[in-house]
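Just below is one structure, and these are the notes that go with it.
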Amino acid sequence: MRYLVRRLLTLVLTLLLVSLLTFGAFNVIPGDPVSLILGTEARADRVAVLRSHLGLDMRPGQRYLSWLSGFARGDFGTSIKYSTPVRGLIAARLPVTLFLALLSLVLTAAVSIPLGVYCARKHGSIQDRAIGATMMAVLSMPNFFLGVVFVWLFGLVLKLFTPGGYVDYQADFPRFIGYILFPALAIALPNSAVVVKFLRGSAIGELRSDYVRTARAKGASEDRVLYGHVLKNAIIPVIALFGMIVAEIFSGSIIIEQVFSIPGVGRLLISSITSRDFPLVETLVMYIALIVVLANLAVDIAIQFIDPRIKVR
Amino acid sequence: MKTGIPHDRDLRAGLTIVALVAFSALASLVFTPFDPNAMDAAHRFALPGWPHLLGTDNFGRDILSRLAVGARFSLIVSLSTVTIGTVFGVLLGMPAGYFGGVVDEVIMRLVDALTSFPGILLALVAVTVLPSGRYTIVAALGVLFVPSFTRIARSGTLQFKDSEFAASARAFGASSFRVMFVHILPNIYPQLLSAIVVGLSNAILAESGMSYLGLGIQPPAPSWGRMLAEAQAFLFNAPWGAIAPGLAIMIAVLGFNRLGEGLRKELGL
Amino acid sequence: MSQVLSDTILRILDLRLSIRRRDGLFHAVEGLSLRVGRGEILGLVGESGCGKSLTALSVPALLPDGVERSGGKIIFDGRDLFELGTDELRSIRGGRIGMVFQEPMTSLNPLQRIGEQIEESFELHCGLTRAQRREACVDIIGKVGIPKPGLSAEEAANYYPHQLSGGLRQRVMIAIALACKPQLIIADEPTTALDVTIQAQILDLLRSINADYGCAILFISHDLGVVNELCDRVAVMYAGRIVEEGSVSNVLIHPVHEYTKGLMGSLPGRARKGQRLASIPGRVPPPGQRGSGCAFAPRCARAQNECFLALPPKVELGPNHAVWCFLADVESEMEYVRI
């Protein structure tokens, strides 16, 4: 119980730090945001409107608190480019990105766990080395290149989906999944490569343990040893890795959404950066950072529950 | 380092590829088979052959020439990025390791906070808030590399701060800064060197990603990422226009990676 | 063959175990023969490095990577184990041969409750329903003496290994080995990592299992005191070969081989744990450095020329005492009463 409280405290502090950094980045560094947005030849009255809209007539400390409390209330300001509340823009796109990220996570686990165990079982063999080489090749590919190759291969050549033909998840859910399957795969493959390498190493180490010898002495088959004994032990350090993997999935989704023209949060972020739509960018950055921090917390908590040797609850 | 052809396979492969990339980059300063920006409507989407050795893109521009110039920009940006990362990493990491205590705590907390942020997000934020310019990307990406170099510099410093030569330098009255930068730094250069080379491969990846998004080097300067983005629209008819820059990025990244691995083994790390 | 030795459960003939290293193949165990009778407790004694653990592991074919059987036969209940297919071997492992290992701390899966780990033995060999398995598990936990005031068998079954002491963990290992009522239990230094008092309890347990279930025990140890307490017969091993074997009373009270004498001489009292051989100068030669004569010759106070040149033959001193030595003088040795 005490651990949970302490962890939540760390969470709150981290989030405050992130908010401070974000606010600092967008409000301190750019110099005069108004001239950045409107240009230097802007009319005085438009400048005044924008200044008050952005709250620049307040002092920085006040502005931060006002921004922070607005954020907590769900008021994220108004987009400069779209002239609509940021909240609405994000609400429409966030579920798409979340589905994509979730599917990527599931695919990563589904691909890397069996592969990792398989490579550990056959380590040193040709199959193991072939898979290792493939993983290394995948890791050297820029993820957007992998995405483009997928668009070409699965979309244009094999015609398994229509590139650019995004299907709304509310309109036709199965076809929506059919569409985001391929971008999710593009995100999942490089991350799988990392997990496979890690899991393989962990499992090979576990295979040398005494308890594996005991299991074999009981007459257990190799399959049973691997999946019934080794996997549970080997996967614990891998779960810690998944915190980083989640961050990578969200980072990857930003680019992959661009490659596959998916109307998610990442694509919105890119377009709002090019148009220097500060309120929108600010909020999106906070959101993504929030999700990553929460995911890391979830991973930490998961580890507590999986390993019975850890007494802290 | 020994002279002659190195035996290690990684080292050999890495050196070959890096040499190729560097050669193309340097050569592009004086000569390219065609003007990289010259459009030739009559010869669009040509496949590799003669006279365009690697074909042409959707505007009829020679791909080989564009790749060569792109190599130059990739190298410039990644070298600058890694330099920033290394310089600031050393400036932060060595005092952290040497002085320990509060200095160490503060610096490492900062580094931890930076690493818990998804890298691309950091770069995107930086690109948004910094004044736009041809090489804004360098500053944006440079920040990404500071944490890992800080860690390497710090651990290297921890290794050597209580060594004999450091102790004797202090006994002779050398200031902390002198001990760090004149005595310890030359000893940690092997770790830094292999990290720099691997960092270059990551920088090339990162830069190409930002260019793909249109946030990197601005056109008309050809960059590999941008070439890929522009060619994507024509993927159905002419996939080669996208595959060529993609392969170039892959090969360069692999090359630097292998070189870094080989160096690490060679230097006994 | 099997008719004549039907009272033998395990027969090892001329076993050779080789270690594959970068610079070649080295023999850790060579020409090793021994016999365990049904229901008998045989002790296999030697210093670390003599190959006794490898010998034990070779029976259920659990040799570590890099070690292989390069010669000899292992005959269990009349069948040569090396001629069995994987499935048959697996059904014997755990089903008819149980193993108890030295390190109870690491030999149990840290993430699984001990009840499940014991039930796995039942699951693999005994074809019981889930409820029956649970019952059998609780039953055997009781039989190996785990329950005590404040800890019932059911409660203990739900514990994780790290929640138990070393002695209790070793009892769990024994329960696992015993679960399917094996004909042979191979115990590789089961008490070495335990306190002296706990050691005595585990030895008691093994003795009672042997009495109640009638299973043979191959007990590996470097501790002569323990072997003296528990075993019926003993085989002394040096540098990959047996140098003396026979009933415990014959070998330990009237040792003939110089090495056995040295081992006995370093025991001022009973039940000494982890004793280094202080009285014989030198150390056990590792595989590859053993020469072509008697491996003990370099350290032997009575070594003659012929000892360095050829392997000593087996000399039967009686129905229950044999020694491998050129110097064994049958007549003079026969003066003591043989049991």
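Letters A, B and C mark the chains in the order given here, with residues in each chain numbered from 1 onward.
Note that contacts are C-beta pairs under 8 Å (C-beta built on N, C-alpha and C of every residue); 3 or more make two chains touch, one makes a residue touch a chain.
Since the model is a prediction, treat every value here as computed from it, not as a measurement.
Chains joined by the most contact pairs: A-B. Core chain by CA centroid proximity to the global CA centroid: A.
Greatest centre-to-centre distance from subunit A is found for C, with centres as Cα means.
Averaging C-alpha coordinates per chain places the centre of subunit B 60 Å away from that of subunit C. If you average the CA atoms of subunit A and of subunit B, the two centres end up 24 Å from each other. For the pair subunit A and subunit C, the distance between mean C-alpha positions equals 55 Å.
Across the assembly, subunit C contributes no residue that touches 2 or more other chains. In subunit B, no residue touches two or more other chains. Interface residues of subunit A, counted against subunit C in their complex, comprise 209-211, 213-221, 228-229, 232-233, 307-309. Partner subunit B is touched in their complex by these residues of subunit A: 14, 17-18, 21-22, 25-26, 29-31, 137, 140-145, 148-149, 151-152, 156, 163, 247-248, 250-251, 254-255, 258-259, 269-270, 273-274, 276, 278, 281, 285, 288-289, 292-293, 296.
Residues of subunit C that touch subunit A in their complex: 60, 62, 90-95, 98-99, 101, 103, 106-112, 120-121, 124-125, 160, 162, 173, 176-177. Partner subunit A is touched in their complex by these residues of subunit B: 113, 116-121, 124-131, 201, 205, 208-209, 212-215, 225, 228, 232, 235-236, 239, 242-243, 246, 249-250, 253-254, 257.
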